[in-house]
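Following: one structure in structure tokens, then a few remarks.
We call the chains A, B, C and D, going by the order they appear; numbering starts again at 1 in every chain.
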Amino acid sequence: MDTDYDSHRENVAGRANVETTPELRAYYEELAGAEAGALWTVANKIEPWEPVSASVPVLWRYEALRDKVLKSLDLVTPEQAGRRVIYLSNPGRRDVVAAVGWLYSGLQVMRAGERASAHIHTASALRFIIEGEGAYTVVDGHKMTLGPNDFVLTPNGTWHEHAVAEEGTDCIWQDGLDIPLTNAMEANSYAVHEDLAQAVTYPVDDSSGVWAAPGLVPSGHTWNKGYSPLLKYEWEATYEALQRHAKVSDGSEFDGIMMTFVNPATGGHVMQTIGASMQMLRPGERTRAHRHTGSFLYHCAKGSGHSIINGKRFDWKEHDIFCVPSWAWHEHANASDTEDACLFCFNDLPVMEKLGYWREEAFGDNGGRQPVLG
Amino acid sequence: MDTDYDSHRENVAGRANVETTPELRAYYEELAGAEAGALWTVANKIEPWEPVSASVPVLWRYEALRDKVLKSLDLVTPEQAGRRVIYLSNPGRRDVVAAVGWLYSGLQVMRAGERASAHIHTASALRFIIEGEGAYTVVDGHKMTLGPNDFVLTPNGTWHEHAVAEEGTDCIWQDGLDIPLTNAMEANSYAVHEDLAQAVTYPVDDSSGVWAAPGLVPSGHTWNKGYSPLLKYEWEATYEALQRHAKVSDGSEFDGIMMTFVNPATGGHVMQTIGASMQMLRPGERTRAHRHTGSFLYHCAKGSGHSIINGKRFDWKEHDIFCVPSWAWHEHANASDTEDACLFCFNDLPVMEKLGYWREEAFGDNGGRQPVLG
Amino acid sequence: MDTDYDSHRENVAGRANVETTPELRAYYEELAGAEAGALWTVANKIEPWEPVSASVPVLWRYEALRDKVLKSLDLVTPEQAGRRVIYLSNPGRRDVVAAVGWLYSGLQVMRAGERASAHIHTASALRFIIEGEGAYTVVDGHKMTLGPNDFVLTPNGTWHEHAVAEEGTDCIWQDGLDIPLTNAMEANSYAVHEDLAQAVTYPVDDSSGVWAAPGLVPSGHTWNKGYSPLLKYEWEATYEALQRHAKVSDGSEFDGIMMTFVNPATGGHVMQTIGASMQMLRPGERTRAHRHTGSFLYHCAKGSGHSIINGKRFDWKEHDIFCVPSWAWHEHANASDTEDACLFCFNDLPVMEKLGYWREEAFGDNGGRQPVLG
Amino acid sequence: MDTDYDSHRENVAGRANVETTPELRAYYEELAGAEAGALWTVANKIEPWEPVSASVPVLWRYEALRDKVLKSLDLVTPEQAGRRVIYLSNPGRRDVVAAVGWLYSGLQVMRAGERASAHIHTASALRFIIEGEGAYTVVDGHKMTLGPNDFVLTPNGTWHEHAVAEEGTDCIWQDGLDIPLTNAMEANSYAVHEDLAQAVTYPVDDSSGVWAAPGLVPSGHTWNKGYSPLLKYEWEATYEALQRHAKVSDGSEFDGIMMTFVNPATGGHVMQTIGASMQMLRPGERTRAHRHTGSFLYHCAKGSGHSIINGKRFDWKEHDIFCVPSWAWHEHANASDTEDACLFCFNDLPVMEKLGYWREEAFGDNGGRQPVLG
């Protein structure tokens, strides 16, 4: 509890600017004893002029993390650890185990033939495959096979489990969840499947067979859950979509060619709390800077480049992960003049939009490019 | 005006059953003079026990119509005729120029190098290509190139025009519109473009490039019009989607493998008044009968088979068109044991659904198959 | 079927203008034999420049109709007639028994102690009380007591019945339904309750007790049907709302102080196909003319005045009914400089809005007032 | 940062249970140096079996707070303090200045003739009047006059200011905001009006005049903002609605007669992040216990009673405030056998619902009543 009552004073009309006198200090202490306080001692802090993020921009290099992730194969078993995951820890969010904002992320590794226990939770999750063969996920009886750069949903309220086929290889993937948000909202819950595994009750990859069609949905469907019935989004079709998009559109000056993954039954975000997108920076492309609310975790799916975040440059290449905190200025550049570069991203856009918190601003000076400070 | 006041009497509790006396007849005539009438003389007629359709089932054979359509090439110019179209006339709907219910349809032919005048109307339209090369449509500055079995939207309130490229061939397609509905709802309007043609202001086929992706939409899009921004639905991707669907699902007992064309921004119907679907009957497949509200116009896109509609058998093959009126029992069968058969369909399902008029019933007897009467 | 193939020709670029030659006439006859026709012979008719209505403006004077309605008390019993109703017959819509557009209306009379048989249908209905005491309606077990100028819903798919209490008096009310629309959409159905009456299973007027509150709904409600759970809208609260509205707003230049009856669970129209409103013309008020799509049936609930519809003046007083067809110019005037005048209206606005058919235009000339022709 | 890596171990299949060895400790430290961590050291903490709330149940007695609030009149001026507010500080949420969960609340006092500076912020707010005459609020040019137990909205993105008329008295009210949530979501922003005051551009209380009608909205309105255009909810109409509700319904076994304040244009919550309700416990009523997600702050608007929250009894009377944290068992009882008792409540239900976090459970044992522990 803050007892330096003067620390947030501002000498601006309409803002709190009360000098602490001995009489006031006594009053403040009396209030504290009654589970109360004087608003003017904290008003300027809790009503900032602009969005303030607790997160800092971070880049996690895959080549640095990969060895550490693989090392866990020998250090712990899935039975002991539940899951062998190295989580990404934002220095500003260690208390809530978040990579950025209220989003959790980690790198998980699983050997061929391993299968994690089936469970269910209120948190929503996705899994973006980095390397290895034979990975698959089961969600409410639907089994999805997964290859590099595919991503799969394990939404709020579904029974799910991850595994690698016997004939597969060691697999590494990135997990993305809203665990910190679900905990912050005091709504998380967890259960382990009574059999530790669930039956596969549909043909393998049936969700793609039924729902992954352009402008088509199964007739007479009655899908009305809060998440996409598609469940799996494949890299090949996604990359092809970006290519076709780039042929007919200049895209966004802030993001290049960018597409959002959606629930085909609604056109909305893939889950109730997490959005996801894939964007392509064309050869030589460098975007202009903007800032907006929401927390974003990027994963380089292809190529290399750099992003400038609040004036600091972060160079990235394949499978590097970096975050853009809320209201941070950011712009992206492809390092190559001949190859495109692709960034997968997951974020809390559904939350920003539904709660009325979305706000966006272009960087007006300097032709839309930030001066690089570090 | 009906003056046989006894013709709708029913001897059922709760229904009108008034015998016309001389006194009543005088009363009825007095009412007629005051722009009024006695409900009980018409109540049983206007409150039927079950939905009644004015349309009759009809099959239009393409081989019979094709010559007639081509003949129009020599009989009229596009300048004189506006469009060279032979419309389908349901014997029960000649007064409103409908093929079934409140849906209009016709076969249009255009020579290479011809271009119809650009115009706009309240009616919503689609165009399903039958044969020829080089057909294209322009909608609000978007040019869509079209091949056989592709279909394209020209929605309510858009400037549009059809044409065939100079280097193309004679093209025939099926038009589908809600003109009768728009007129019945007393809402139609029409205007010709002041230049008789509009500029193409986007890259060719840009709507497919941007919107025809599985589970992906352009980030930050603000599409909120009443129709699909995809505009063109290509046969190749549609047929492939049906194939994939069939691998993982048994489909519907009434319709086989069936998918609805949707607006990718919402997951809803392609236009505000017209829905469309493509269904596949697998080799040897024969569906069960059901009936429901709504008017449906089918076009055989591939293969051959038959449908039994209200007990009458209609055999169809490629490019034959047939209708299923509201509340008619219907079931479909593929004629081949080795090839699949595909039916394109457009209908007024959006209207039935939005107005609360959708109702469906399975044919319970005889294992779900109708006795064939004719 | 039209055989004067030249009757719709227009000499305008982009419109059909084909002169019938003997060769063409032969062609047209050949087409007719194949259940087909040449679009250019009807195109200009079915694609009008502006909305065309089949209805004509009509005013039905209550003093003229009342005697006729009362006379039916002696002519038929409810058991014979089902309901003792004199329907309003628009000269342009006699074939579909409509008062305007696709809306049916009639005046019904019931003696104290009479109770009509309970039934259900796809058509949606409302009942606006004109005179008498003791009228009530039962909808799915909810009993609503009704006084003059109250109106009550009996929506699509509900069991319902009208009655007058033993201790009441002869009651007259106006019925309003979408029967013509439901029939036109080929979706109507009807059933009589097996007991000819249903049980009242809720406290009397419970829907008002629970739902008729300003800005309040029952917590945790799960209402998601296509119609308003309020069911009854009382005159007293409605008139009071208009008074309060008028104190703080100038209202609409076309309609004065006008409020739409809504489903409190959604803020939308009271039923899926029928909207309703009450408007007040302040002392001396005269509105400006506009026209729009949709069919409107007005009932003078209070006061007197006149409306000018397509240049013709219609003077109305309490309980007179008049219609405004689609796309007809119309403006309203209060006859009194000291009293307000109120118009109840029901219409097909939900249909116009959902199908994308709404269109509106102000009368620009002459200060917004039509020249009066008749 | 947690360095007792063993503190969250659970010996349950499917949960993390890794004993820290020296080798693992070294590994954990290496990970920490790379902004990473081992999930299994925190997994059981961040994936709890059931929702965990940081808030504790608290009751703030008005008689204890009132003097402290009034004392601020002499201690600070509005100019210095911005607003003279004593905020409610939940012992579990002091770090975020919340009364419960992510909801802020405080008691504000203003002298007759005082007017706070006009401002705008991303946080959403409401104001529930406790005592005094002449209070009013201005929102985007709409002035709302306020009496005891009225509440008014000052939503996200509106210019607003509170004041007391010259001819009024000292006024005390409760403020309720989502400031902690807006800050947590890193989306807050703030601006002071350049003139420190805004013009009143509509008739006083026009929002009530136009929108506070049962089942009626202004015709042709185009309201589509994220909050209710009604803005003010008056006690008199609310209490009357509860009375009428109680006459026809038994209400909820958990909440008695309870109604939710809604946006009349949509039937949804009054603001995007905050819901509000008023409930009445009838004479002698005692509800059954349940628990659910979401944070709730209650204000006794009338009468007296007690609530049992997680087994602890809290007795309340008029203007006492108490909170129910997420997932806490709670039940309510009226202290009187002759008078009803009313509880105003505001909460984060819109957030729980939109994000898929709502979950509810009845207390099954002991006839639905908790054993009282403290």
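Methods note: a residue touches a chain if its C-beta (ideal position, glycine included) is under 8 Å from a C-beta of that chain, and two chains touch if they have at least 3 such contacts.
Each chain and its UniProt protein: A, B, C, D = Cupin domain-containing protein.
Since we're looking at a predicted model, the values are computed, not measured.
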item	value
Shortest chain-hopping distance from subunit B out to subunit D	2
Of B-C and C-D, pair with higher C-beta contact tally	B-C
Per Cα centroids, the chain farthest from subunit C	A
Chain pair equivalent in interface to A-D, over half of contacts matched, among A-B, C-D or B-C	B-C
Approximate Å spacing (C-alpha centroids) for the pair subunit A, subunit C	52
Rounded Å distance between subunit C and subunit D, as computed from the means of their C-alpha atoms	44
Centre-of-Cα separation between subunit C and subunit B, whole angstrom	29
Overlap residues in subunit B, where contacts from two or more other chains coincide	none
Inter-chain touch pairs (all)	A-B, A-D, B-C, C-D
Residues of subunit D that touch subunit A when the two form their complex	1, 12-18, 23-24, 27, 30-32, 34-40, 42-43, 46-55, 58, 60, 64-65, 68, 71-72, 75-76, 79-91, 94-95, 97, 101-102, 104, 106, 117, 119, 121-124, 156-157, 179-193, 196, 226, 272-273, 293, 295, 325-327, 350-352, 354-357, 359
Residues of subunit B defined as touching subunit A within the complex	202-203, 205-206, 208-220, 228, 230, 233, 237-238, 240-241, 244-245, 247-249, 252, 255, 258-267, 277-279
